[in-house]
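Order of writing sets the labels: A, B and C. Residues in every chain begin at 1.
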Amino acid sequence: MTTTTTTAEAERRTVSGSTPGAARGPRRPGRIRRIGLPYLLLLPALVLELLVHLVPMVMGILMSFKALTRFSIRDWSAAPWSGFDNYKISVDINAPAGEALLHSFWVTCGFTVLSVGLCWLLGTATAIFLQDTFRGRGVLRTLFLVPYALPVYTAVITWAFMFQHDNGLVNHVLHDQLGLTDKPSFWLIGDNSFIALLTVSVWKGWPFAFLVIMAGLQNIPKELYEAAALDGAGMWQQIRRITLPSLRPVNQVLVLVLFLWTFNDFNTPYVLFGKAAPEAADLISIHVYQTTFATWNFGTGSAMSVLLLLFLLVVTGLYLLLTSRRRKTADV
Amino acid sequence: MRSIRVAAIGAVTLSLALAVSACGGGSSTAGGGGSNDSPKTLTYWASNQGASIAVDKKVLKPELDKFEKQTGIRVKLEVIPWSELLNRILTATTSGQGPDVLNIGNTWSASLQASGALLPWDDKNFGGIGGKDRFVDSALGSTGVKGEDPAAVPLYSMAYALYYNKKMFADAGISKPPATWDDVVADGKKLSKDGKWGLGAEGANLSENIHQVFVFAKQHGADFFTADGKPDFTSDGAVSAIKQYVDLMAKDKIIAPGNAEYAQNQSLSDFAKGKTAMVLWQTASATFASLGMKDDEWGVAPAPVRSGTPGTGTAVNSMVAGINLAVFKNTDNHDGALKFVKFMTSDAEQKILNKAYGSIPPVKSAQSDPAFNTQATAALRDTLAKSAEALPQVADESQFETSVGTAVKELFADAAGGRPVTTASVKAKLEKAQQQMPAK
Amino acid sequence: MSSTSPARPRSPMAAPRSFLWARRIFLTLLTGFVLLPVYVMVSSSLKPLEDVSGTFRWLPSGLTIRPYIDIWSTVPLAKYFMNSAIVAGAATVCSVVIAVFAAYAVSRYRFRGKRVFTVTVLSTQMFPGILFLLPLFLIYVNIGNATGIALFGSRGGLILTYLTFSLPFSIWMLIGYFDSVPRDLDEAALVDGCGPLGALFRVVVPAAIPGIVAVAVYAFMTAWGEVLFASVMTNDATRTLAVGLQGYATQTEVYWNQVMAASLVVSVPVVAGFLLLQRYLVAGLTAGAVK
């Protein structure tokens, strides 16, 4: 599935770069060197990716087939094979472990959809509103990038401080000053923790959408707007008819990247809630971390991660397949 | 064509991985004991006992220098925050690259014992440090599964006691600290008014929850594990025990709802500021001092029981809290490590270190020092000697802490959010917790 | 193309009133939302401890710079800072250099396995970190045992890890950017007698500076902010800021004012760098990723 998807990707690339083949490229060196050079250039990246991503991933997959608990963790390669036991535990939704994983999966899905959607919405709206020059535009643009530039942990720590029950700013404003709630709410435990997590995630993530869409807007030819204006299209209509459709390819990439980052996000919930997240905000990355590290149950933890990876592969594959097909039809 | 290439890459990756895994098997010291390859140095991981890591270094450094003078062995010290310690032990266990000697929370003893990474303290090893008899029984009870050689040696002992604010008690017309839970509730109700509260709790701190409900369960005649080590969370005793603890917030309303999200010792700072009148804690005296509370502003009493006076059985009023000292099995300075343990558990060092940390020496002969007979320490020492019991020594202890600790945390969240906490809801949470325990 | 284009007005005619009002309201609310935590961070860092451990107050009861003095002694912040700077700096440099080479190869050459390479590298973006944390750690330990190169617990290991985190995105972005640099330019350089590497460094790289800066900023931020791997792979001597900042929550109390002061101090270099280089970032994204 991935192969298909990236075919489209690669084709796009070749076309846009109009690469005329390597044979015509470097002339001086001998044939072997000519053929070897691209591989030589790729070598460092390849070796590192193998070392840090691919080999560990394969090891992780192997571990998922082992009964790797604290009893065998001292020498993982000698741990007994357990076939699909770890997977059975993970997906048996009638048993507590599987049920909890499924719950966490749904929470993560809901969280991801909302967070990506809101980030995209805020990013797009802001980029469009900041498209024209007006006084203070530069300042606002700089300001809006601050959340993205802040290191994750400092931003999340600050939000955790604001979300405290007794002394936090949020309750101070909502309860003490505006009187919107009967009594101070809890944000870091209980059901509201989902809202807290979402708020932090959107606050931190939307500037990236803004940045990318802002860049995308610069690629829209001015002539399009001029033509539309001549046709008598107003501002709102121009946005609907030109800006948004022109952003489609940008959005395609942006949404995918945001989706992967948000779905796999570990830092935000980990810093916000510590090692045990409340049920309502039990994101899958934290859930797997908990399974793995609090109880040293690496076999099951690995199996859960592999399932997560498979899910992401399938979703990404489908997404790319659908979007590239749509793009092809659009091109014709 | 393309698929062949993908397959080829896959095969290369796989073989690489296998190569790595193979050398993984070869290099870690399987089964083998330690060696004496580097007799001149030791690496020691200390847990964070003082107010901060810097304090710990200040306390330990001179002692380590003393040890070097005596033996010529240089000790490389690293003080590791609690938030990291278990993960660091995990990485050390998997890789075989760890310290020679390390501190562990005594409740982890059985869990870590199961991993086989720690040197078992058989009679010979114990003999080298003066024999088992030197140590207090209750402390020895928290060093591993019963009937097996202990995985560690007691280093510092602590117990829970009830700390109370003298002035707040006087203002409310309470003449003496409560001895039973009924008294606590009655006094707490008198104290809980005008934004002040009777009792503090760390509702979102899983270990703290476990420590408290373990004692409540004991007082209700219940255990969380059967004699043969099976989880038994849903007995009537356990359910009413946990309900009684959470009811202090839900029904009796002597714990502030905000405490439900406390996990970073905020209840201590509330106590020091006079926002809460009582707190159940282990060795809090040094903390109060560093929070600016004078020693004569607070009093200490044995932790409450259901009725009568603290003792054994259902009159237990504390867990055996403490730190154990363990030796990594594949140390490359086996003899030096044992020497170091001997040094740290010697009478002289026990007095110095436990004094510095406000804890009680688990070594009997060191307890005679007057420092362990003050207002702050006498209650703790008595509790340890007479009415404290060790947490269940089972390999699944960490799962127990996580699952039951989380259940209590969620119940506190319910109570704080105004949702009813009933016998049924407590039982449901505990059932879920029990199901999360690994099947045996 | 590679320079920042000035504002491109949407249309010659003036925006309607409804648009202006919508913009005003929206931007005001958004500014509030964005600035709130920043205000809290700055104001709390100047408050005495009583102010931050009691009910929240908008204005400090008294301004103090004590937190900014105390942060350096409560935890060894300077050391953590140093570690983070070394790790993030080295990871950035290596990541950029390696990405430039790889992107050049993909952009300018046709060779077997090109697709497999790009697919594989990009797909690593979706690996959950938690899956390979323990295996990676085991590999580092084994490499250490076999070769004597200490990767586990050392800055080197962390540098290696972080640089590969940013590598996929960097390569991908630079491929797009290099593709947009006209091929005639490097062909001309080749005709002038430059080798392929000469062409890369004398022609392609200078033309792609905005893209490279964007990639560097991304790589630096990735390394500066990572928490999970840092918490397992560092020790006392190599601990980075991401983990070290937890030190302000001590056994006795959370020093919120110091937490905020330290957060501010560690944020300033990244935020300042980011904002200074934002022009490049937009330009880099414009030409690279979003095309």
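Note that a contact is a pair of C-beta atoms (placed from the backbone, for glycine too) under 8 Å apart; a residue touches a chain by one contact, two chains touch by 3 or more.
A quick note: this is a predicted structure, and the numbers were derived from the prediction, not measured.
Q: If I average the CA coordinates per chain, which chain comes out farthest from chain A?
A: B
Q: Check A-C against A-B and say which one is joined by more contacting C-beta pairs.
A: The greater number of contacts lies at A-C.
Q: Based only on mean CA positions, could you tell me how far chain B sits from chain C in angstrom?
A: Each chain's C-alpha centroid was found; their separation is 38 Å.
Q: How many angstrom lie between the CA centroids of chain A and chain C, rounded to a whole number?
A: Comparing mean C-alpha positions, chain C is 15 Å from chain A.
Q: Quick one: chain A and chain B, Cα centre-to-centre, how many Å?
A: 38
Q: Would you please write down the residue numbers of chain A that are in contact with two or more other chains?
A: 3, 54-55, 59, 76, 166
Q: When you check chain B against every other chain, which residues touch at least two of them?
A: 2, 6, 20, 24, 87, 94, 96
Q: Residue numbers in chain C touching 2 or more other chains?
A: Correct list: 53, 115, 120, 134, 138-139.
Q: Going by the contact rule set out above, which residues of chain A touch chain C in the complex?
A: That would be residues 2-3, 6-7, 9-10, 13, 16-23, 25-29, 35, 37-39, 41-42, 44-46, 48-49, 51-57, 59-60, 63, 76, 122, 125-126, 129, 131-133, 137, 140-155, 157-159, 161-162, 166-169, 171-172, 176, 203, 211-212, 214-220, 222, 225-226, 228-229, 234-236, 238, 243, 249-250, 253-254, 257, 260, 264, 266-267, 270-271, 285, 288-289, 292, 298, 301-302, 305-306, 308-309, 312-313, 316 of chain A.
Q: Spell out the part of chain C that touches chain A in their complex, as residue ranges.
A: By the definition above, chain C touches chain A via 5, 7-13, 15-16, 18-19, 22-23, 26-27, 30-31, 33-38, 40-41, 44, 52-56, 98-99, 101-102, 104-111, 114-115, 117-132, 134-136, 138-139, 160-161, 163-164, 167-168, 171, 175-176, 178-180, 183, 187, 190, 193, 195-196, 199, 221, 224-228, 241-242, 245, 256, 259-260, 263-264, 266-267, 270-271, 274-275, 278, 281-283, 285-286, 289-291.
Q: Mind pulling up the chain B residues that touch chain C in the complex?
A: Residues in contact with chain C: 2, 5-6, 9, 20, 23-24, 27, 48, 50-54, 78-81, 83-84, 87-88, 91, 94-97, 264-266, 268-269, 273, 287, 290-291.
Q: Under the definition above, what is the set of chain A residues touching chain B in their complex?
A: 3, 50, 54-55, 58-59, 62, 69-71, 73-78, 95-97, 100, 164-166, 183-184, 186, 188-191, 274, 276, 278-279, 290, 293-297
Q: So in the complex, the part of chain B that touches chain A is made up of which residues?
A: For this pair, the touching residues of chain B are 2-3, 6, 13-14, 16-17, 20-22, 24-25, 28, 30, 86-87, 90, 93-94, 96, 111-112, 114-117, 203-204, 206, 256-258, 260-261, 263, 395, 398-399, 402, 405-406, 409-410, 412-414, 416-418, 432, 435-436, 438.
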